[in-house]
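Just dropping this structure here.
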């Protein structure tokens, strides 16, 4: 189906003797918020790592906008339109918030090193573009008052938002969010949910890994469940919530 | 380039390669052990070795040897040499422990990045080399010949002289001894635990500071005794002797797989032999280029060495 | 993000200067810059007993080691300080530049100015050839490879014929007369001014790079290389460029050096020199070009000024490196970024 922006087909990932993922099939369609859930260690972050090119899959294919991206270098995949955030916030601590977002925006620019050194018109245009884009995104995420502060000094909640802003600066087709609500209180989670919907409405497809079930149920269009590296269920939030296999996976089945 | 010499002198070159390799091994073990527990290259280990050579020399000077005496009988020699090796081992061992405290410990406590530790080690190395350069007036210092280097027996062109046999026996004995320490003692187990997984080792009650201090001590003692063997075999030292020997020993450790004890041994003998063969064919002045080339090539194309474990990628 | 314990610094030169700088107007800044540059140009004439060096000629000292260390430290800073690549073989670039001028001049009569660019070019080529395979590796392994490279260059210089072997090369031509100023062996001043001009060019290029995309890319790589890659930064390309540009500076300066000393031997291009330049970068403040230049100048100056340091200069360097890493790893003028103020819409920095 051509509206599938990200398609993961029969993905198998083995590390030495350990099979982290086994024949996993996932997809994210245009305009949807998809969720990936599962018990700890199920392999969810591994899916992100393989999709973004950090690991080479043992078998299977990954398509971004109908183009296979397996084997491409990570930065190329990022530029093609697959951006992510991280389980533990990983910002460039000694750079300002704006500069953090600019590094993402830069990747969409053309200017090379020589151009930057000599100040060619292209470089000036690109610089302005990066600055503007970063300012816009900080605004969009509601943290423009933090623009000039060092990323390491930001409060936790704003750090998480900054990380998302930085990923958005890549103008991705699909945004991968890895436990974006970790460490948030219920109020913050509600705000985050609204923010993610706002991101989707702005035209980005979202795939998120989350543990907070109520958040997942509230905002996701579709949920996939992973356990021990295999997909065990997929469907709407309520379908998945009532799926016996899913319940067993989370609670553990008595022997 | 005369390759025929490899054939005609094969046994001799092989023997010398093994003897030199044995000395390298004793130093290489220091690099590999410290790397195992700290994941750091102890840049100043070469100077620990150098200190040992001067300690060895110091003993003979204090005993009154001037190099012009009659050679000793075998028992007297063994007694003297045992003293020399012990003092050298103690000197290098203590120097190594002191080095750990001064250059590494604080950085380790503060979780400093690798760069900082490496630079600190380089500074320590620089300091030691220069101090000794000033003290020893940049001169070559000769080691007195304590006994006649008679050949006890020959195999083909290889002459098994007394000093070579002493080095071989001594080195192999030490390596066996080290293996026992690592396998059976509590601190040895601590070393293995910290090498594999520091965090879990701490949780299991291992005193990491003690283990690391002990690791430096062992590495230092081995290098110190190795330096005594070195003096016996080469009979001279200089303030900068550590550098090239250190590079050879380090290359050996990397060749075998840094962090891997068996690898350090295998790499040392392999390198010793390669050096002898290449010197014979290309000439002695190309020996160090060959060593550096091996180092660079191994690091570029097989950084895990012959036996090393796969380098772990950081979990994202 | 860094998890290192932040050291409480009671006195931070950079912040104090930064505060003052923020308060100046544009005209004030221009005047300040001109005055500063002017000061450095007339410095050789300011030789006096108070802060001049007594043992050796002040102008000579300004050229070497102060000026040389400073510009090489700036070059190395691009590699180590900005890109986070520990290079222990920087002297190799210096040697390549020096030998390029020497060999091409003595054997083929190439003039100085061509050789400066060729020296730069060869150094950059060497950087590329070494960097392509080596920059894939992790910190300490990479450091060792660069060390190996530096040593290989030195040993090759000793062993090969066309480099003059251990005896080196002599009779190297000085640069031709420029603007009426003659370059002769016994007058270091023109060489110093040449070096100063080159330094200004390098600083100009560097500041432009750092303020723009390359600077952000390098900083991102140094902060978290994996994440930089995830954010679309072509890390290998930028690391290579950092390495090559740092090498270019070393190569250019090497040519100037051989033109001034007129005879070179391999023993002038040792690992120790690499380490001393590294000490300057470490002392001055990794990543901070002003700190690095100042640190290098100080480290070049004091051993010349104070007799007792002269003899034991390298001991001092060694102690310095250990002490700095343990007590103040960010150098005398730390790299720490200042908070900024941006315009809400354009995202540009607002200068008061």
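We call the chains A, B and C, going by the order they appear; numbering starts again at 1 in every chain.
Please note the rule applied: a residue touches a chain if its C-beta (ideal position, glycine included) is under 8 Å from a C-beta of that chain, and two chains touch if they have at least 3 such contacts.
Small disclaimer: the values here were computed from a predicted structure and weren't measured.
Central chain assignment: C. Criterion: smallest distance from chain C-alpha mean to the mean of all protein C-alpha atoms. Distance between Cα centroids is largest for the pairing of chain A with B. Our note on geometry: chain B versus chain C, Cα centroid distance of 35 Å, whole angstroms.
If each chain is reduced to the centroid of its CA atoms, chain A and chain C end up 40 Å from each other. With centres defined as mean CA coordinates, chain B is found 49 Å away from chain A. Across the assembly, chain A contributes residues 54, 86 that each touch 2 or more other chains. Multi-chain contact residues of chain B (touching two or more other chains) are listed as 316. Multi-chain contact residues, meaning those touching two or more other chains, occur in chain C at positions 2, 226. Per the touch definition, chain C reaches chain A in the complex via residues 1-2, 205, 208-209, 212-214, 216-217, 219-220, 223-224, 226-235, 238, 241, 335-337, 339-348. Considering their complex, residues 52, 54, 73-75, 78-79, 83-84, 86, 89-96, 98-99, 102-104, 106-109, 111, 113, 116-119, 123, 126-128, 130-136, 139, 144, 147-152, 166-167, 169-170 of chain A touch chain C.
On the side of chain B, the complex with chain C involves touching residues 40-41, 102-103, 106-107, 110-120, 122-131, 134, 243, 247, 250, 254, 285-286, 288-289, 292-293, 295-296, 299-300, 303, 311, 314, 316. Note for the complex: chain C touches chain B at residues 2-5, 80, 84, 86, 88, 133-134, 137-141, 143-145, 148-149, 151-152, 155-156, 158-159, 226, 271-272, 275, 278-279, 282, 311-312, 314-315, 317-326, 329.
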